[in-house]
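Next come two complexes built around chain A: one with chain B, the other with chain C.
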Partner chain A sequence: MPIKVAYQATIEYMQILDEQGGLDAKLARDTLTDDQVVMLYEHMSMCRRLDEIAFKLQRSGRLGTYPQNMGQEAIASVALAARPQDWMVPCYRENAALYLHGLPPEMILLHWMGDERGNQIPEGLNITPMSIPIGSHMLHAAGIGWAARIRGDDQVAFTFFGDGATSEGDFHEACNFAGVMHAPVVFICQNNQWAISTPRSKQTRSETFAQKGIAYGLKVRQVDGNDIFAIFRAAREAVADALKGQPTMIETLTYRLGDHTTADDARRYRDPAELEAARKRDPLIRTRKYLESKDLWSADQEEAMIERNKAQVDDIVARATNIEKPKTTDIFDAMFATIPPELARQRDTMQTNSLGQFPQQETLRRGATAHSPTQSPAHA
Partner chain B sequence: MGHATSSDPNIFILPDLGEGVHEAELIAWKVAVGDTVEEHQTLAEMETDKALVEVPSPRAGVIASLNGREGEICKVGDVLVTYEGASNGAAPSPNARDERSESRDSSALPEAEREDAGTVVGSVSNDPIMPSQGGKALATPAVRRLARDLGVNIDSIAGTGLAGRVTEKDVRAASNGAPGAPASAPPPSPSGRGPGRGATATLAPSQPAPTYSPPPSLPAPAAGQTQRIPFRGTRRTIAARLRQSIDTAVHFTVMDEADVSALDALRKQTAAASGESVSFLPFVISAICRAVKHFPALNATVDEAAQEILRHPSVHMGIATDTEHGLNVPVIPDADALGVLEIGRHVAQLAQMARDRSIPRERLMGSTITISNVGSYAGRFATPVINIPEVAILAVGRVREGVVVRNGGLHVGKLMPLSLACDHRVVDGAEAARCLALIVELLQSPEQLLAPARR
Partner chain C sequence: MANLTLVQAINLALTQEMEADESVVLLGEDVGLNGGVFRVTEGLQQRFGEHRVVDTPLAESGIMGAAIGLAMNGIKSVPEIQFEGFLGPAYDQLVNHAARYRSRSRGAITVPMTVRVPVGGGIHAPELHSDSPEAIYAHTPGLKVVMPSSPYDAKGLLISAIRDPDPVLFFEPKRIYRAFREEVPEDEYTVPIGKAKIVEEGTDVTVVTWGAMTIQCINAMDSLPEDLSVELIDLRTIYPIDVETIVESVSKTGRCVVAHEAPLTAGLGAEISSLVQERCFLHLEAPVQRVTGFDTFMPYYKMELDYLPEAPRVAEAIAACAAY
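Then we have the complex of A and B:
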């Protein structure tokens, strides 16, 4: 009996906008309009500025741990491929996509200031709170997609995660579940080459991260993660497939230009030459070059935009820092629509059963406005 | 972690610069008293145990005071910078620079440092190498660090990187190519307070603060030859640990030699039989494991807080390891449950991990006694410093050929010098000597060492 090939697969890699700003016109057809590219460039630039300021806020004691998004702004393109009713199930390095999907930027700052209101996603926005533990949220996306399919809702769930997350069991469960249930899910692996200090070479022996999706019957794609055109096109095709019951995994090849978080120092484990090389592939640089080559952008526009971004970011920071202090009683108000009498009594007396109802605790009522804006760190 | 912030907007207290950071070393001030600063402008460069970071200003304003000297450790929560109150107006003081140096508590400084006040500590030079571009250079912290290490004023370099950023290449070019590249800071002038001509070099105990002065017989180094290396990072951690050991443990050392001729034959035999390379070290570790079964006082640690001596049932062997990143002590847990070959494999694995810095944290903790192989290069006996809270450390010197007396006759054999340092608070002299004698005896009749000490 001859040996037959049981299965064979190939992984496509797509780049449409190269490092020099050159565009593959054929692949770019019917993707982003000029206006959309200008808008994305301005948006990515604003995100970069906000990211830098958030970093400084941490260093001057006004923000807890913060993971910089620098270098991965092109992920914003996913939000243009998504429809308003689609879900975003993020971790923490796709802020640019979340803002474009409608999330008020100050909420991310509030989150990292340890203010729970940063996780209170406004009604009508289909975004889940950022998931800090690595990989836990892909399962939620699989569930959301499955629910949409059962209910017949015209919705797709996008979920974002890093290269390191693919080593978590939850990733495999989520992929398998989505695949076997035909759930409309788009798994987006932002392969930024580093999982804190673990390089891609030590993360997996696979040639690509995308191929892991093949095992679960996902349609897979590898794209240049700093290329807004390629991301848009892959994401839009993934939406169409998802609605036909075919989930997709997209691996975006990008690079984390900053540290893992403000508690990290990548210089301790990363070759400076590698970083310098990655800077040349910055999504902002190539997008600007492209716009300039098409006379869609000028130095004057750049200058005006920088001023505009400064003002806008100042405004975002002001909205986060000037929010009224939370009240101590807020901790009772989030869980129940109608508060049970026992909790109401605790709220009203600020005494707890477990502590034995010491009368001295009454003082908590007066001194209890102290607000500790801390947050358990991102998976450190 | 918490970020305490002051309720007074004119006071900026040092925040947690990372995550769970309690202190940071002040590397350099980037502003001076009287300067008008903008929000987010860099005030200082500081180094935590994790990273070199820039500390930005939380507000716009005029600097009223800077607290802390360069090179000093600042605690999170202490006041770092104060701003002038709104009523003070924004006019910078004309003598801002003077105020800055005066604002330091100069009376607390040792004499020699006071003489240096005003010069730059460290290797940053104020001499511009290239025409100043005006304002602060854009550069990554890594590049800034490089500039500081090479003694280049980064603000004077014309950056070729993105948006005028100064790149690593720019700094190296400025350091190598530029004419008159500045030397490091001038050497300290001899204070003249050292021992006088003809006097012995021993300082009288009553002499205050022994500031180092070059011995008079040596010519003072010419300008530019003295390299100033900031005392920080791993080096400082090592220094603090050793200082603590000397300040805590009452050290004494007993020394002897073991005739390891038979052991040398045995290890070669073992190597041939197993196909693995086998050094002396695993045998010595095995001998220690056995010896401390008879002298449990040596396999102990001191809990200073509880004022208790903890004697340990198993031997977790610390191996003092010299790496290019400094000294560390990886641990073979339960070494007494391992045979010589297994110990040898652990040693090789730890050596490899030490070289590529991949030793997991838990393998650097929990040793109960330490061995230090000082003899790889030269040296016979040593007075090793105890790895506290342990109470004993054995230094192994270089094995050499020497004359041994056996049965009244002279022979040429292999001699291994051994130096056992103990904490006299816990271990008596006779006990240490008897323990060392047992180690020597075990090494001289080595067959029993092959099996684990503990079964």
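Then we have the complex of A and C:
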């Protein structure tokens, strides 16, 4: 018997808008309208501004550790392919998509300001809070999509994660579940080439991240992750497939222009030349070039937008900063639908040691005579 | 002798053990060129090479499971889990394999592995970067659990851990990674696993603690009246727990306060309180007091100091216990 090919696969890479702002008109047909491109450019610019301000807030001690999104704003395009009822199950580098899907931007700031109210997603928005354990949340997207199928709801779950996240076991389980359950899920791997200091070359021996999806029966695509047209087109096709029970994995090739977080210093491990080259592929630059080449954008418009963005970002920061202090009781009250009595006692006394909480413990010890309650020297 | 921080002392212990024993291999996320996110392994890859200080893919189950295999086949593996909150994916490997191999193979297969994990709160870190899960692992048969509170002990304990024939979970309290310095000998020395340290001798109340809480307890003692004599015990090893030192102390003082960052319910305070009740019943003058985190999550950093049992809460409990 001759040896036969048991399986063969190819992966397409798609770029529609190149670094110079040149557009592949054929591939771009029926994708983004001029208005949408202008809107995306303005939105991405606002996100960049907000990102820079968040960085400064961290440096001046008004924000905790913050992961900059700089360079990955084109991911916003996914939100144009999503319908209002669709879910977003994110990590932390797709802020631009979340805002467009309706998340108030101050919530992300609040989160990184150490405030759980930044996770209190407003009713009606199908977005889960940013996920901290890398690679774990994609399973929730598989479940969310599966639930939509069970209930017969017209919903798709988008989930976002990094190149590093594909090394976690949960990533593989999520792909497998989505595949086996025919769940309407779109996996979006933002391959920004780095996982903290770990380069893509040390993360996997696979040639692409997209090919990992093939193993689980997903449709896979690789696109230029700084290209709003390519991302939109891939995401829109993925929605159509998802609704037919075919999940997709899209690998977006992008680059983390900043440090991993404000606690990181990428100069320790990253070649400055690589960063310089990546700056030339910035999604903002190419989108603006494209708009200008089409006479859809002028220097005046740019100037006016910068002023608008400044004001808008100031507003966002004010909303995050001027919020009243959280109540300590929230720590307890948020735990369960109904608080157990012992937990309520901890809340009410802010104490875990028993003395001072049960007066009979002390009166029995000393007989019936009244005595002064124990005084805290620390409070004296 | 050099005046070192906890981070530097751990780095020194790793350097010396790697020099002394070629079979010691470090692995984990970002531990190589970047020196770890806390710089604990700074300079080690440059010194010992990429084959002995290994940047792994982002996979805690992978790191732990592979470290077990390495240890089973002649490599003294020292995996790092970047933060205690990410022990989750490694739990199955650690608890269902590392801990059990010796026993289930009746000694035929052993796992001489030391798992390094930064632990605890108080550094304004994001979610899942500030927890204290030591009780979970102390509750796991087959694991040794260590948490130093000083540079000197950190070096000596880590060397003991690496040389130990069984898996050791070595928790590093990140709040005091760089909080103070201490004289740490260049020369080789060990601090035995399973032996607590009496930080300060006293006669009225015994305070039992470990890790970064040791510093909070010292601060609490400073705020108490001078005629209140407190004996402070730093456990250093959480499992196997040094019962003798605790029993001896409480038998003398008759009063005991346990302080830890982790939640109250089923925390180690409960275990210690139980031991004291069983072994010192007739000496006890007051109910054992537990000063701990609440039965909630460690809040995001705006409220983390409301959660942590800081020095004033510890002082209050000591005073109440002494006055009882």
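One rule holds in what follows: the second predicted complex is superposed on the first by the 334 of 380 C-alpha atoms of A that agree within 3 Å, B and C clash if a C-alpha of one lies under 4 Å from a C-alpha of the other, contacts with A are read in each partner's own complex, and residues count from 1 in each chain.
Criterion: contacts are C-beta pairs under 8 Å (C-beta built on N, C-alpha and C of every residue); 3 or more make two chains touch, one makes a residue touch a chain.
If you're wondering where the values come from, they're calculated on a predicted model, not measured in any experiment.
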item: Which superposed partner A:263 touches (first chain B, second chain C, both, neither); value: both
item: Partner chain in contact with A:310 - chain B first, chain C second, else both or neither; value: neither
item: Touched partner set for A:64, first chain B, second chain C, both or neither; value: both
item: Partner chain in contact with A:168 - chain B first, chain C second, else both or neither; value: second
item: Per-residue touch tally on chain A - higher for chain B or for chain C; value: C
item: Contact residues of chain A, present in both the chain B and the chain C interface; value: 64-65, 263-264, 268, 374, 377
item: Chain A partner contacts - residues on chain B that touch it in the complex; value: 1-5, 12-21, 40, 50-58, 141-142, 162, 167-168
item: List of chain A residues in touch with chain B within their complex; value: 53, 56, 59-62, 64-65, 259, 261-265, 267-268, 272, 276, 279, 282, 285, 372-374, 377, 380
item: Contact footprint of chain A on chain C as seen in their complex; value: 29-30, 32-35, 37, 55, 57-62, 85-86, 88-89, 124-129, 220, 223-225, 257, 264-265, 286-287, 289-297, 299-304, 306-307, 309, 311-313, 315-317, 319-321, 323-324
item: Contact footprint of chain C on chain A as seen in their complex; value: 64-65, 111-116, 132-136, 164-165, 167-170, 195-198, 202-204, 263-264, 268-269, 325-326, 328, 330-332, 335, 342-343, 346-347, 350-356, 361-362, 365, 374-379
